[in-house]
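Consider the two complexes below, in which subunit A is the common component and subunit B and subunit C are the respective partners.
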Partner chain A sequence: MSAASQPATSARRRWIDAIATVDRRLIFLVIGAGVAIPLLFPLGLPVGVSREATAYHEAIEALAPGDIVIFAFDYEPDVMAEVDPMSYATLSRIFAKGVRVVALADYAGGVGIALRILGETARESGRQYGSDYVFLGYNPDYTATMLRMGESIRQTFPTDHYGTPTGELALMREVDNYAGVDLLVSISGSALAEYWVIFAGGKFGQKVIAGNTAIQAVLIYPYFQTGQLSGFLGGLKGAAEYEQLIGRRGLGLRGMDAQSVAHLLIVCFIVLGNVGYFTARARRRGEAGGMGRGHVG
Partner chain B sequence: MWADLGMWAAAILTIAIFSLLYRDNPFYRAAEHLLVGVSAGYYVVNYFQASVLRKFVFPVFRQGELWLVPGGILGLLVLLRLSRRTQWISRYAIAFYVAAWSGYLIPAIIQERILTQIVGTVPPAPWTVAPMAFLGALVLFVGVVSILVYFYFSAPQTGALKQVSQIGITFLMVGFGASFGYTVMGRVSLLIGRFQFLLQDVPAAVLGR
Partner chain C sequence: MKKTGPVAFGFVIGMLMLVQHFTGHPWITARYNNVLDWKQVVFGITLILGVVSLFTHHFKKIARRTAGWPYSILTLAGLLFMIVSAALFTPERGPYPWMFVHVQAPMQATMFALLAFYVASASYRAFRARNVNAALLLAAGVVVMLGRVPLGEMIGLDAVSSWILDFPNLAAKRGVMLGVGLGMAATAIKIITGIERTYLGKGA
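Coming up: the complex of A and B.
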């Protein structure tokens, strides 16, 4: 090796060492900046719409004023950031169409979320509690709840969340099982959408659409492929797609720039990490080979 | 006023939790313990209200629905697990629950998760669908079959079996990759949610919306 090439080689080694031993707090900082800056200064990156989001949209658009939808808040605060935008967008659209909503929460932690979102979206559209929408609250054991609702919703929920007997609510006098329900929407942070497909869809022939966290979306695809699920949204991206379809700039679309930039940065870090790893490994092998040859020689 | 107070508490607790990214510290610990304590309290009250009061106490003692009493007794039997001498009695309640749950769950799961999925895996006749749809169905079919071959352990994985199972591994890797990608997306979305709260909701509240 010439004397001139030695400094260049050592500089490259320093770079590789720096990549391989980068402080994880620096990565957090870069990702944080990558998320914060696009939120403060939107880039307006395009959002493509998937087939499953289009199917979700079409299922809702097929509803007529006066139709009845069961809306299940199947998530808790830990995944609110991902699926709240779906609930807001879907309920806004449903209420704007004059469709009536029977809402429930399949997790105890979903009750507060349901009260907030139902209240806000119903107020926006001027919908009345009792005749345009009801909130049945939380009922323990979601599989038993789903099955029993196929026989009688009023027996499954003798009272609504506020303690009013369900038989006294105008909307609940019109519907008592899936036969009177035109669409079931499950916004879910777990496998609950799957259970709606199995029990309400499979056993009672109820048409089901779902909004899921990104992690669950992979598990939901097979049900969409077979037609057991009529449409679904996957993660914040799915929410943004639906907002795009209904022309509403909500939390989903506003978060997409940050999502794209963060993904780009993560890809860069993965590439850099691999470059550092493979280069360091090649160097170690080279040094081991050199030592081996030296020993033999 | 209470809403603003709640927002400030949420903002301070969010920052306290984020502080772990720098290093472990008392603010993070305090926020973590608060989360655990509040969650436990919230769920205990909710479950008690929804299960014990609404499903048992009110119907039995206010409406006289005595047919619920045997179920209530079975529920109480579960509590006997707390003592070593009586824990065997709780098995009756658990056995009843497992039997009932299996009875209504197994047939439905087999039908919807297995049989319907098998039907959905078989490719349609090529002349009945668009070429790309048929190609997609074919890829799906090859993927499912090759992965099943990979998990076939009753014969040595040699020759043709090995070749097919190698294809299965490739499909599995693609599946894991997609799963990982979605997981990253989900985690970033949660971060975005907190940043939206800190950078947009809190300033909007401070500046009077």
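Coming up: the complex of A and C.
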């Protein structure tokens, strides 16, 4: 190797080493900025609508005023950034259509979320508690609850969340099992949407739609393809798609730019990591080959 | 009797749950509802057991001054505060809902949001195309990740992403579901007939 090419080679090595060993704090900083900047200064990227979201939208649009929907808050605060926008958008649309809602929470942590979102969306639409919507609260053991509701909702929930006997609520006097329910919506951060499809859909023929975290959405695709699930929203993107369909600019659409940039940055880091890995591997092989030749020579 | 009793009980209840699916007989339906009600009661009791276990665990840590014991004080203080405030002011008003909205919810959401940072860091360090299988997984992951956001849609990756989700993903998921379903059915039959007895504890 000539003396002139040595500085160039060592500079290249420094670059390769830098690519292969990016400090994780730098990665955190870049991701933090990548999420925060588009939230502060929206890019306004266009959002396409998937067929799952279209089917979800159509299932809700098919409801008539006075119809009854079971709305299950099947998540806890950990995933609320991802699925809260679905709950807001769906309930707003359902209430605006004059559809009545029987809400419940399948996780104890979902009660606080349900109270907040139900309260806000019902106030926006001027809905009355007891006649337009009720909140049954949390019942232990979601599988038993789903199955028992198929027999009698009033027996499964003898009182609502506030302690009022369900038999005294005007809305609950009209519905006692899935036969009186026109649609079941599960907004879920786990496999609960799948359980609703199996227990309420499979056993009682209840029409079910769902909103899921992106990771769970992948798992419920088979039920959508078979028609057991009538439509679903997957992750924040799903929420944005539904907001687009109902013409409401909510948290989903606002979060799409940030998610786009974050995903792109993660892909860039994956590419960077692989470039560093392959270059370092090639260098190690080159050095090993050189050493081998030296030894033989 | 110590073994035969639970096995016989399991057989009767298991058969009842199985038979009720194929008959609408009112007596069987009523018993089926009883079992579901009991299941909820048992689940509720396990929640109480969980609280007692949590309390005992942290109380012991504090008493023995084991590593991190001050955190146990915080845990117990939080637990007691929520129980007392719900009992005194009801879960709808007072400090209980305030603590949920302003403390618990942001903390849980923050913990989950941190995943984005760790996923980015872990992807950079561990997501390597070391062989053909890893390269395929990497390519599929990248396409789905980009195809599910507007930026990817603008370059046409949404169609590829949908294809991956609709075909390879569905085929794999359906295979897993069928396997799990058959496994569950086989295990249920083994428990009902008393072949599988590990739930009775050691030596059963």
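Here is the rule we use: the second predicted complex is superposed on the first by the 296 of 297 C-alpha atoms of A that agree within 3 Å, B and C clash if a C-alpha of one lies under 4 Å from a C-alpha of the other, contacts with A are read in each partner's own complex, and residues count from 1 in each chain.
As a convention for this text, contacts are C-beta pairs under 8 Å (C-beta built on N, C-alpha and C of every residue); 3 or more make two chains touch, one makes a residue touch a chain.
Source: prediction; values computed, not measured.
S.K.: Contact-wise, after the overlay, does A:251 reach subunit B, subunit C, both or neither (first, second, both, neither)?
M.R.: first
S.K.: Which partner does A:42 reach: the first (subunit B), the second (subunit C), both, or neither?
M.R.: It touches nothing on subunit B or subunit C.
S.K.: Where does A:262 make contact in the superposed view: on subunit B (first), on subunit C (second), on both, or on neither?
M.R.: both
S.K.: On the A-aligned overlay, A:111 touches which partner chain: subunit B = first, subunit C = second, or both, or neither?
M.R.: Both: A:111 reaches subunit B and subunit C.
S.K.: Return first, second, both or neither, reflecting whether A:159 touches subunit B, subunit C, both chains, or no partner chain.
M.R.: first
S.K.: In the superposed arrangement, which partner chain does A:98 touch: subunit B (first), subunit C (second), both, or neither?
M.R.: neither
S.K.: Just checking: does A:28 make contact with subunit B only, subunit C only, both, or neither of them? Give me first, second, both or neither.
M.R.: both
S.K.: By the touch definition at the top of the document, which applies to A:273: first (subunit B), second (subunit C), both, or neither?
M.R.: In the superposed model, A:273 contacts subunit C only, not subunit B.
S.K.: Could you pull out which residues of subunit A sit against subunit B in one structure and against subunit C in the other?
M.R.: Shared contact residues on subunit A (touching subunit B in one complex, subunit C in the other): 28, 31-32, 35, 79-81, 108-109, 111, 139-140, 143-144, 147, 203, 214, 218, 222, 225, 234-235, 237, 259, 262-263, 266.
S.K.: For the complex, which residues does subunit A have touching subunit B?
M.R.: That would be residues 25, 28, 31-32, 35-36, 39-40, 79-82, 84, 108-109, 111, 137-140, 143-144, 147, 158-159, 197-199, 201-203, 213-215, 217-218, 222, 225-228, 234-237, 251, 254-255, 258-259, 262-263, 266 of subunit A.
S.K.: Could you list, by residue number, the parts of subunit A that touch subunit C in their complex?
M.R.: Contact set of subunit A toward subunit C: 22, 24, 27-28, 30-32, 35, 45-48, 50, 76-81, 108-109, 111-113, 115-116, 139-141, 143-145, 147-148, 151-152, 155, 162, 203, 214, 218-219, 221-222, 225, 234-235, 237, 256-257, 259-267, 269-270, 272-274, 277.
S.K.: Which residues of subunit B touch subunit A once you look at their complex with the stated criterion?
M.R.: On the subunit B side, the touching residues are 21-22, 42-43, 46-47, 50-51, 54-55, 59, 101, 104-105, 108-109, 111-113, 116-117, 119-120, 140, 175, 178-179, 182-186, 188-196, 199-200.
S.K.: For the complex, which residues does subunit C have touching subunit A?
M.R.: 21, 29, 33, 36-37, 39-40, 42-44, 47, 91-92, 97, 100-101, 104-106, 108-109, 111-113, 116-117, 119-121, 123-125, 127-129, 138, 142, 145-146, 148-154, 158, 162, 165-166, 169-170, 173-174, 177
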